[in-house]
Structures are given as C-alpha cells and as structure tokens.
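In order of appearance the chains are A, B, C and D, and numbering begins at 1 in each one.
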Amino acid sequence: MNKVVPNVGGALKGIKSGMTLMLGGFGLCGIPENAIKELVKMGVRDLTCISNNAGVDDYGLGLLLQGRQIKKMISSYVGENDEFERQMLSGELEVDLIPQGSLAERCRAGGAGIPAFFTPAGFGTEVAEGKEVRMFNNKPHILEHALTADFAIVKAWKGDTEGNLIYKATAMNFNPMMAMAGKITVAEVEELVPAGTLDPNFIHTPGIFVQRIFQGEVFEKRIEQRTVRTR
Amino acid sequence: MNKVVPNVGGALKGIKSGMTLMLGGFGLCGIPENAIKELVKMGVRDLTCISNNAGVDDYGLGLLLQGRQIKKMISSYVGENDEFERQMLSGELEVDLIPQGSLAERCRAGGAGIPAFFTPAGFGTEVAEGKEVRMFNNKPHILEHALTADFAIVKAWKGDTEGNLIYKATAMNFNPMMAMAGKITVAEVEELVPAGTLDPNFIHTPGIFVQRIFQGEVFEKRIEQRTVRTR
Amino acid sequence: MALDKIGIAKRIAQELRDGWYVNLGIGIPTLVANYVPEGLSVEFQSENGVLGMGPFPFDGEEDADLINAGKQTITVKSGAAFFDSATSFAMIRGKHVQLTVLGAMEVSENGDIANWKIPGKMVKGMGGAMDLVASAENIIVAMMHSNKAGESKLLKTCSLPLTGVACVKKIVTELAVLEIKNGSFHLLERAPGVSVEEIVAKTEGALVIPKSVPEMVL
Amino acid sequence: MALDKIGIAKRIAQELRDGWYVNLGIGIPTLVANYVPEGLSVEFQSENGVLGMGPFPFDGEEDADLINAGKQTITVKSGAAFFDSATSFAMIRGKHVQLTVLGAMEVSENGDIANWKIPGKMVKGMGGAMDLVASAENIIVAMMHSNKAGESKLLKTCSLPLTGVACVKKIVTELAVLEIKNGSFHLLERAPGVSVEEIVAKTEGALVIPKSVPEMVL
C-alpha cells in the first residue's frame, strides 16, 4: 500500500465537479497552495468548499472563485476578498457562514464519528435558525452536526511515507481536523521524508487519516498582513 | 503568577473529602503515582474518581481502594484488581462503567465546553439505559454528557514553568483530555524545565489547561504485564 | 477630551489581572497587548492556534507560518504553544480564557452584540466572535461611542444581526467606561474632560448615572 | 481436528487486506499480528494510543511507557505514531480502522455480542469494546465454539449483558468459519477433519449449511 503520489495531479485524481472539498488553512497561512492551483487547471466546477476563509482575490481559494468553480462556500470569515463579496451579494455564490469554533468542531466530529454535539456558539443569532436548542447548566446551546467531505486537502510542514504529518506554528490551524474528516484525505507537504524520520511522540496527524501524500512543487507562502516593528 | 509548586503536598492543597477527581493513566501506564500516594497520606475520603482503570491491588488507585477512600469509580475497565471486584460486588463501592471512547470524549467535552454529544457506542446495551437515542445516518446513537472534576491530576514526561506538557509514548492516553476538564488541573512531571525549553510546535497540553505543576519525587513506573520475546 | 484608540486600549489594559489568559480581537483590542501593567503576567491567546504571543517581528524576520487571528505576522515568547483550531476553541468554549476583548458595531442595553454583518451590504463573517461571546464570562467591548453617521452604537436594541445575546459585561469607548447589568448601561467612568451630558447625548439605550462619575486615570 | 488458538489466529490473518488498519483485542486476536500474509502491509492500532505496533521487546528492553491495550510491553515499527485516547477513539468511531478482531463470551444469530460482564459474578468492564463494535464495519469474533461447561456460544439470543447489537459479521472458532447475515449463522468453512455434524451439534442458533462446506486451508 503506497500512499506516496509523485505529483499533485496524481494526488487529486478522482476529484469531480459537484464534489464537497475541505481545504485547510487560516487566511493564506497553511493552505494547500499547490493543490488549489491544480484544481484551477483541472477545471472542476460546482464545488462545495469547506474552508475557514476564501483566500484573497488572486491567491488561495480566490483563484477558484475567479473561475466560478465554487458553487457553495462553508466558512467562518470571508473578508479580504472583493470577488467573494460580489458573488455572494449578487446571489451567484451560496454561502454558509459558521462560527469558527463550530466549524473546527464539526470537522473534528465528522472525522471522529460524532454525528452531532451541542455548543453555546450562535444561540440567539441567525446561525441558530432551525436548529434544536437545549439548556445545559442553565445556558442555551444549539445542536450542530458533523461535516465530512469527499476529499480533504491539507497542507503540512513535513510528512512521511506512512502519511504521518507535522505542521509548523500557526500553519496547523484547521488542517488536523480536516485531515480526519475526508473520505479521501490528500496531504501536500513541504518535505516528504521516509517512515521513521519523524518522532512518533510528536506526530500531529497520524497516518491513518491520510490516504495520499505528495511533496508540493512550489511554496510561495504568501503573507496576507505583513506587520513588523522597527529595530 | 507562578504555577510551580515545590512538592506534591502543595500541588494537592484544597482536595477535600467528597470531591470528584480525574486521574490520568491507562492501566499503570502514565498514572500520577506521586499524587496518588499523597492522597493516601492525606486521608481524604468519599472520593469520586474518574479514571480509565482502578490500578492493581497494591499500586495506583488500588491504594485508595484499600483504604476505602473511594466512594464511586467512573471507569471503563477494572479487571486486574481483586479488591475492586470485591467492593463492587458487595455494594460497598459505586461503579459507573463507561465505554472507553465515550469516557475519553466525555472528558474532552468537559474541557471543551461541549455539554453533550451523540455516539453510537453502547446503543442497545445497559450503558444506554435512560439515555436519549437518536438516528443519524440510519444508525442509532445515544446522547452522552460532558464530565468535569474538581481536580484533574495528570502525569506528563516533561513540563515547563508555564504548564506546557509533553507525554511519552502510550503514557499519554487519558492525560491530555483530563488536563482540559479539571476546575483545577495538577500536573506531575518527571522533569520540570524552564519556559522556552520545549518546542512550541510539539506541546501536547498547552499550559492554559494547567494550574499547578510539580516534579514528582520518585517514579517507580511499575509494569503490569511484562511481555518479552527471546533474543 | 475624548480618548484616541491608544487611550481606549490603555484603559482596557487596566482590567487585566495576573495570570489571565486573554483573547484580543482585531483592531483596537490588539493594541491592549502593548499596555499590560508592569508586574502582571498575562498570556495572549489567538484563536488561530497560539498561546504566548509576543511583539510583531522585526522587518525581514516575518514567518508566513506564524500569524495572529488578524492574519498579521507575529512572534512568540518563550513558553509559547501552538495547537489546532479545535483545541483553540476548546480553550475558549471551555472557559479557560479569562477575558475576551473585541470590537462591535452595536451593543444593546441588555448586553447583545452585533459585529459581523450588515444585510445586503457587508458580510465578512463572524469568524471566532460567536464562539467567544457565547463562551466567555468576561467580555469587554472596545469601540467608538457613535458610528460614522454620528448615530449611537449603545442602543436599546441592536438593529443589525446579532453575534451573541446578553453577553457583553463592559464597554470602553472614547468617552466612557460602562458596565451592563439589569438591562441598562451603567456609567462607571468618563474620559478626562468629557462631560456626562455628552455621554448621555450619545447613548441611545437606558443609561444609569451615579451621583458622581470619576474621570478615568490613564 | 479442531484448531488451536494459533490456528484460529492464522485463519483470521487470511482476512487481512493490504493497507488496512486493524485493531486486535486481548487474547487470541493479539496472536493474529504474528501471521500477516507476506507482501501485505497492515498496521495495528491499539486503543490506548499507538499506531504501528511491532513485536514484543527483547528481555531488558521493556519500556513502562510503551504498552498495548492489554497492558503488555510492546515496541513500535518505524513510522509509528502515539496519540491520546480521544484521538484513538476518533479513529475507531470515525471508521478509520478497517477491521476489528475481538473475543466474545456469546454471539447471537443476528450478530449481537456479549463479552464484558456476568451479572453478580464478574465485571471487568467493557473497556473499548463497545466503541469498537458500535463503530467498525468489519468485525470478526475469535472464540471457542463452546464455553467451559460445553454450552454453545453461538446462540439464538445472548443471555449475558450485551456489548453491541447486530454488529458481528464473521466468527472464527476452533471448528468453523461462519458469516452472520439475515439473522442466521452461515457456515463457510470447517476446520480440517471436523465434520459438519459436530458444528451443527455445537451451534445453538440458526445455522445455514451450504451443499458443500470446504475445509479451511491454513
């Protein structure tokens, strides 16, 4: 059983128009940038994309929006993207906005075989419309359901041939939960190493969650808000 | 704000008879052995102990059972302990047996502010008695509630002065979830190091979950089933 | 004289207590980190997965993999920890974070808050705000007293879609510090040189004014 | 001749497929790891928090911090990973483990299983078994056909408290391989030299017997 695929094309084989994809990352940090560019090339359409953000106009998921490849976005925050706002306000794009913590937990639940859970987040807001409300500890909570995807596409710092992954700093974000929640999980890594290279005590995503792994060709790792102090 | 306490006595200050404690470990692996011995010395009684196992007759939680300090055990597996079985069958000890995965998830939920979740584990068995059943994906699930504790006592390999913890191998087990679920969480570590020593990429339990930390005096680390092969 | 953004941040920093873990929202709240009173040890949590945030990096030392929830490049202090988004919101939902400071478009006299959507006009999304306000025991809103059109942001009822209900405990604006309890804004302090009359004029919701309203000491 | 424990383990090992992640229970199931067919890559998951279990350690090389769910000292292969109990059961509940092999005290013709309690006599607890049987799509029970009193363990209805309902797919005993479907045990294979009559005699639940019942090939 070989999880290693030689290139991004092989890694995304089987992704078809109309599918639901999860894509890791927070803003432009920790996004599977090689896979996103390949999705543009593949021309798949009518995608439902589950991702905390929607990239910027000319990078990340913004590229798929430009090409009208996305039918529906499931996200928590979509500022920083004019084309997104235009498509959403004009009704071209379906958007399901979810509190960030609920989004993370719903992905984890999907991967962990927990079909639903209660959370206080969103009670009394639009987010709670149509959802069951129940009191726990004298506080109202709403029932949220698990999310899964046909493909989860995550980006890691290093990965081994068994599919074990480690992430760097805040580039971890949504990647570990999404890795759990894909029917097929594809990992794009900066460095692919032989099994046995990574310390088994410090694996962020155990290989059992990963079906395919490849080393990305180019990592631009664009910074969204370069903020510095003077020396 | 100093989380470091000089010894086990200071670490357990405030634990009183009648309290609910969580104790990490699987079998005798990864148990807070110094803290358990101190609880024996303190003589606190009528404890409710949430722990996957109950130790063996003369080690681990078995020591608290011998002294009749435990009123109720919440566990998943309690074999390997004759005194336990005797107290349970005679009715001296209340026992709530919970599927291991539900126990782990209920602790995590307690720490994560998730008051309840659905799981398939235990449907159709004694465990489901009195619990809500609901179908998801054509499969029955039962509603399980979060667990929390007055004190969670966990054992880690290394910890720093900020309370960040790392565990070794399978001594991790229930410790990370219990660390999240204690009103006060006490960490017993083999080695206490200055903040900045541990790589922030590879922290298992972030310090926010830990209120007190101390370096254990003696670690016997007894092996329950020594199993070897011949050379 | 009304406070500037830095003044608001400084006043909020006075609310910090030793040993607290604090989540700061985008904008004015982010500035609070610069004014932690001396001698206090406070750790900043950012919901994208970091505890122990330090100052912004020096020019040339930015790391694309190390940002805060505002997507700004940051550094970390020694003793920091990184973690995934589910663990991050476990900290928030599980009440391990002692204080949340965030901005708002509107706050109502019963503590409702709106800050994520203007129907038909602007929808950036709630990000982590709904989780934060639904979970935190201690929420301070940092905002201007009025919007750009000059209308009060301290209202009887929020007109915009809500982020959370009955959750805001305290508000610090350029004019005043107010507490919310029993369905009213309670004036605690006024900015140096700002009159009670000005605060009354700019507050639409029910406002309780004590006999004497001290000036903030910054 | 009836199989011994090793024979049962060997027969179950034939059910393994390349790339599978497998959870083995205590007792006979643990032995399955020793008979993985050549050329297959199979990883063993232990619910106390390890993927990629290797053989038992050499004498003197035991590590108290490295055990399997049976509390036995183990080693790991290269490419292993350790994780906490919540993540471990996320793997199990989330169907990331392709096969579960466990022992049983009773199995009924509709696939119910009992293996954790004898009321008033023995209560060790269910450990991870309830999560495993409620979640796995593919469950094989490894057990003796009869108990020590000579009574069949393949029943119409379980008499002991259940571990899970309608979940067992296959059973391998010292006498036979049986599949459970449509509310009956279906005889697939018999142990070398064991007669169909003996299997019939020792099976209390409904048993479907095809025209020819091949002998196991071990």
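One rule holds for everything that comes next: contacts are C-beta pairs under 8 Å (C-beta built on N, C-alpha and C of every residue); 3 or more make two chains touch, one makes a residue touch a chain.
Predicted, not measured: the structure shown is a model, and the values here were computed from it.
Asker: Would you mind telling me which chain pair, B-D or B-C, is linked by more contacting C-beta pairs?
Answerer: B-D
Asker: In whole angstrom, what separates the CA-based centres of chain B and chain D?
Answerer: 28
Asker: Hey, how far is the Cα centre of chain B from the one of chain C, in Å?
Answerer: Roughly 36 Å, centre to centre.
Asker: Could you state the distance in Å from the CA-based centre of chain A to that of chain B?
Answerer: From the centre of chain A to the centre of chain B is 33 Å.
Asker: With chain centres taken as the means of their Cα atoms, state the distance from chain C to chain D in Å.
Answerer: 55
Asker: So which bits of chain D are touching at least two other chains?
Answerer: Within chain D, residues 76, 82-83, 86, 89, 92-93, 135 contact more than one other chain.
Asker: Residue numbers in chain A touching 2 or more other chains?
Answerer: If we look for residues of chain A contacting two or more partner chains, we find 105, 108, 112-114, 119-120, 167-169, 200-201.
Asker: Considering only which chains touch which, how would you classify the arrangement: line, ring, star, complete or other?
Answerer: other
Asker: What pairs of chains are touching here?
Answerer: The list of touching pairs comes to A-B, A-C, A-D, B-C, B-D.
Asker: Per the contact definition, I'd like the list of chain A residues that touch chain D in the complex.
Answerer: Touch residues, chain A against chain D: 1, 108, 110-114, 160-162, 164, 180, 195-196, 200-201, 203, 206-209.
Asker: What does chain C use to touch chain B in their complex?
Answerer: Listed in rising order, the residues of chain C that touch chain B are 18-19, 21, 41, 43, 45, 51-52, 76, 78-83, 86-87, 89-97, 135.
Asker: Tell me, which parts of chain B touch chain D in their complex?
Answerer: Residue list for chain B touching chain D: 26-30, 52, 75-80, 85, 88-89, 95, 97, 99-105, 107-108, 119-127, 157, 167-177, 204, 221-231.
Asker: Under the stated contact criterion, what part of chain A meets chain B in this complex?
Answerer: 105, 109, 112-120, 134, 136-137, 141, 145, 166-169, 200-202
Asker: Which chain C residues qualify as touching chain A in the complex?
Answerer: Residues 46-50, 55-74, 76, 82-86, 88-89, 92-93, 112, 117, 120-131, 134-135, 161-166 of chain C touch chain A in their complex.
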